[in-house]
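Take a look at the structures listed below.
Next come two complexes built around chain A: one with chain B, the other with chain C.
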Partner chain A sequence: MDILTQQLFNGLTIGSVYSLVALGLTLVYGILHIPNFAHGALYMLGAYVTLTSMLLWNFNYWLAIAISIVVVGLLGVLMERLVFNPLKNAPPIHDKIAAIGILLFLEALAQLVWGADYRTMSTPYGEVVNVFGTTLTMQRVLINVGAIVVMILLYLFLKKTFMGSTIIAMAQNRKGAHLVGINTNKVAMLTFLISGGLAAIAASLSAPINLVFPGMGHLVILKAFVIIILGGMGSVPGAILGGYILGFTESLGATYISNDYKDVIAFVLLIIILSFKPKGLFSKEGF
Partner chain B sequence: MKLLRLLAFLIMLSFVLVLTGCIENTSNDASSEEETEADTEVEEPETEEGEEVVNIGFSGPLSGAAAYYGERSLNGMKLAAEEINDGGGFDVNGQTYKFNLVPLDDKYLPNETASNAKRLVQENQTPIIYAPHSGGINAMQVFNEEDNFLIGAYTSEPAVTEAGNSLTVRIPPRYDVYVEPFTEYSMERFGEKLAALPTASQYGKDWAEELLPHWEEAGGEVVYDSSIDFSKETDFFTIVTNALENDPDVLFIGGPSEPTAKLAKQARELGFEGGFIVMDQAKLDEMRKVAEEDSYELFEGSVGVTPLVDSGYPGTDEFVEKYRNEYDEDPGSEAGFHYVSLYIFMEAMKEAGTVDDPEAIRSSMQAGLEQLPEDKQVYTIPEIGEDGGFRTETRIVAIEDGEVIAIEVDE
Partner chain C sequence: MPAMTKKSIALIALIIGAMVIPFIIQNEYWLHILTLSFIWSIAVYGLNILAGYTGYLSLAHAGFFAIGAYALGLLTVKVGLNYWVALILACIITSGIGFLIGLIALRTREHFFAIYTLCVGYVIYLVIDKWDSLTGGVRGLIGIPAPSNIGPISFQSATSQYYLILFFLLATVLVMYRIVHSLTGRTFIAIRNSEELAQTIGISTMKNKLTVFVLSTFFAGLAGALYASFIRFIGPDIGYTAIIFDLLTYLLVGGIGTLAGPVVGTILIVSVSQSLQFLQDYRMLIFGPMLTLIIIFYPRGIVGMVSEWKMKWFNKKKKTPAEKWKSTYSDSKDVREDKVKEG
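Right after this comes the complex of A and B.
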């Protein structure tokens, strides 16, 4: 087995998951300047909703993911309506406290509803494929391809559609967007919808290679924050690139330097990048 | 607008309720463990006139990542307490007593265990406090002799009894007894190269420190030594790839059963064909549930502690059945040990002639062990050591041709 290609593939897989989570986080930050700590909880709920629809109604994996995107997306919208929108004139610290509150609430809720134990999500894509000495599983290929497809769709949506342009406009200048007649409330809701949907996709794709449990959001959320700081808060290409940088650093660092220090390596890299680019790789506001 | 908000909220709420209501009906193994899990409420026993209540404390993780473990431990105790109370309680010096469990959540944090213990002693006058993790036990040992309560220590960490605390009872066997038989079996069957990938907890590190030197002493070679933080890793492919690069014959793995099973599965996907040494924290029967084909095939060549359901002590089958009826799942050893230990404490109280003198109860433990009726012996524990540790016969199993086979251990 050629260890370099294998580890590059492993880094790509993990980077895809990180990027998808970071994208949702960065979108919300770009528009509303809220660090949405509850994003990890949305990720966790995404996995649970997919799992539940698969077990309960025997839905096909893809249909279950679609349901999950809708449910978690709407939950994101609900969060915006019930919590963040009423706080829009409050000092910024209130948003942060509220986000942490939502995180704790959703985790406790998940434990109440689904129980605290670990669950397995089994998909029809478990088979192992060997390509030129590199071990892939179908699920991992799916994660990589899925992530790229989602990123392309998101890009096309933001750049080529009118609704996407309103999001960009609002990220560039909220007041200006308001002045030219963009309904900022609608855009905020739309952003939360997309953000929740992205969390659901990331969770549904990655859950089969790990487990589903109420604390699973913690696995990714801290890293997603690192990524969006690295990539530039609010930047879409920054989140994508940052995700892959972190994924590759982890896998290659663990291989060629030391597994025990792979988090150290990732954070040293963060410090180095921030010393040269204090606002992150893509610091320009907007996309 | 207000109306719309209310409506949206109600729709979400009803959706959640629908989910809660439905998931219990599925036949899938993974989801049939509902209701029991979230239920940590304990009913106070009904007492008739002249009956008194003994409070038993429990401080364990009832929320957070390890909640399932704390809940299963508590379930074992609840089952024992309910049985004892439904049977009319127990007599100590002509006075009838019933058990009342007081569980508190410590989120797996030692400092929380300590404050819970203080609270239990002050508010509920508990003579015995259980804790299912070594950190919390260590924290209680700082003041338990002074505050006068007995610790029901559910941990296989030898250090908790080596510290010389006179009011600690260690319930499961210490893990270092497994090191030698595990090494012997794996080395003979698979070979001399070991890669260690245990959980990154203190417990996992202690285990590795015990196992690895022994492995080398026995003539083996440790080709990869690292650990996995199950609370931080989304994927194990990276680390397993690196471990397998050194071509090991045996992998040392362990941690909570379910992620450990995932780790083993990914090792197989990456082409590993050797055996596994499974740390005692993970149970083979629980690991099997994660393997999708529901067989032991994936774990061929694993050596680990005997799952409770396969233990075959005199009281095991009855307990397993009761537990299945009550909680709709197989009990693990944490449930079994908590169950049997509450009975042993009860017998010790009878022998000591007191329910509130921890020292007297501790010194009557041996007599209590001997009085334990056979049908309650989920585990047969012949004696308690000077240090307060229960001594049980070491039993281990291995997976051979997809079957759980008991392995003889020379004591």
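Right after this comes the complex of A and C.
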């Protein structure tokens, strides 16, 4: 019983991180119909920017995260402007290849700037707390709370503000949105900004319990793809739900099935789903 | 048709050029690099027929490459089969697995297909990496024999290996040429341009897509098997996703959806990255942006670029139909097909 609660909590933590990454991915997909393979690189850079501003300028953890959000968000915008916007009318295969090019570049860049070593990030929240007999580290609690706060904020932004509604409108129908006077270019940039910001938050929150290295985005991005297929491409609630489902499956699978093959679970799950439902579990109009 | 003869003369000159290279280049290292890039070219041709002509971007090709390599390695090292039997079996095994995967994977389309195959490729890599008792895990497989003799011909020297691989490459190009210029090839292009339309005019898209997928895995497997016997050592790394990104770079630089593209791109990039050895892990700093820039500005790579120039030059000389050509050309990308044939 004890192990079960511990694992459930772990699953919740992993799920939170996955959900945040998948949210960024699903937003971009919803707007531009691009599977942004470079999103994993944004995630990785998010962790590095936070780490650097903490080590180099001795910034406080929260300030470092804020800087990271801005930097990675702007990088996302830059990507949209320089690469995806010119490819607007190109066949879909081109977007994918362009995104892969960016991914390769950013990874090599990170390796050049920060080296290939595995780094650890220290956190001001290292203490251990005891809740109902389970031991939790503060950082893990922080990940959960932080992710939920971010999700609520994102939800409020999308549903309650004018800018948020323009994103939803564009996801529903790009031409229609353009017709009613929405500046689709601006919305696309905004979406990339949010997407990059979400990746930076996810990476900065989870980095203290993982390691920071240039290839850290690989598995996460693949799993995020699994999640958005699970939850429906472009669907926001789907991404959150899918993230937690995958998080729980993985942490339980690692304990009760095999720790070696825990990374395979996600992909096998995806292969099974797509074998039966070639367009994902839910349709994409899921906002 | 003077153009046609000019073309075949050029082609024959190229082949003869490739034949005499071992006599010109005495440096064994460069011969090795050239042979290696021929092997990669075969795999890139496999990718090209699927991604370039049919429009399905498969990211599982490194996995199939690894399956071919491991099939050959295991059959020769652990089972002790004759090399040529093992080579044929390796191709059959890879295409068989490709058939099963294609059966399911091809139900998905566009992005789903790319993501699905990416995951399939990753699973193949993980299975090879973790299945210690069969594949040797991270330690890899050593002692794979070189091709065994056929009658009096032995394949021990670097030069003879070069000719062997060249033979396979030429055979691959020939098969590709025949396919692309046949009705089947036209069918593939029709599927790429619009799957719905292809279906409407009575093309069985699933059957054709499956044929293409199996064909492309066959060439990936062949390249993998040749690689295994050429390098004589294989590790799980050859199935990693980084390899598929390399293959994509070769294909894109050379020209996706063109006949000459794969071999041009592969030889160019492989030799350039050999000259840029000092960059090692950082070569992606150059190749990454190059990939992105090429897809934005020259979606058909070097070969496409050259045929575009040729077209413009040709039009200038003729003058009168230039305007007409230009307008049709900029109107739709499909018109490019006619030029692709020339490449």
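Criterion: the second predicted complex is superposed on the first by the 257 of 287 C-alpha atoms of A that agree within 3 Å, B and C clash if a C-alpha of one lies under 4 Å from a C-alpha of the other, contacts with A are read in each partner's own complex, and residues count from 1 in each chain.
The criterion applied here is as follows: a contact is a pair of C-beta atoms (placed from the backbone, for glycine too) under 8 Å apart; a residue touches a chain by one contact, two chains touch by 3 or more.
These numbers come from a predicted model, not from an experiment.
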Where does A:66 make contact in the superposed view: on chain B (first), on chain C (second), on both, or on neither? neither
In the overlaid three-chain picture, which partner chain does A:170 touch, first (chain B) or second (chain C), both, or neither? neither
Which of the two partners, first being chain B and second being chain C, lies in contact with A:45: first, second, both, or neither? neither
By the touch definition at the top of the document, which applies to A:108: first (chain B), second (chain C), both, or neither? both
Does the superposition put A:245 against chain B (first), chain C (second), both, or neither? neither
Let me test your reading of the model: by the given contact rule, A:94 touches which partner, first (chain B), second (chain C), both or neither? second
For A:116, decide between first (touching chain B), second (touching chain C), both and neither. both
Is A:218 in contact with chain B, with chain C, with both, or with neither (first, second, both, neither)? both
Touching A:128, do we find chain B (first), chain C (second), both, or neither? first
On chain A, the residue positions that both chain B and chain C contact, one per complex: 108-109, 111-112, 116, 218, 260, 263
Could you list, by residue number, the parts of chain A that touch chain B in their complex? 1, 3, 6-7, 10-11, 13-14, 17, 52, 55-56, 71, 74-75, 78, 81-82, 108-109, 111-120, 122, 126, 128, 135, 137, 140, 206, 209-211, 213-215, 218-220, 250-251, 254-255, 259-260, 263
Where on chain B does chain A make contact in their complex? 5, 8-9, 12, 15-16, 19-20, 22-23, 25-26, 28, 30-31, 33-34, 36-38, 63-65, 67-68, 71, 226-227, 231-235, 237-239, 241-242, 244-245, 256, 258-259, 262, 266, 269-271, 289-290, 292
Note: in the complex, chain C contacts chain A through residues 51, 55, 57, 104-105, 107-112, 114-116, 118-120, 122-123, 126, 130, 241, 245, 248, 252, 281-285, 287-293, 295-296, 299, 333
Seen from chain A, its contact residues with chain C in the complex are 29, 33, 35, 83, 86-87, 90-94, 96-98, 100-109, 111-112, 116, 218, 222, 225-226, 229, 233, 260-261, 263-264, 267-268, 270-271, 274-275, 278-280
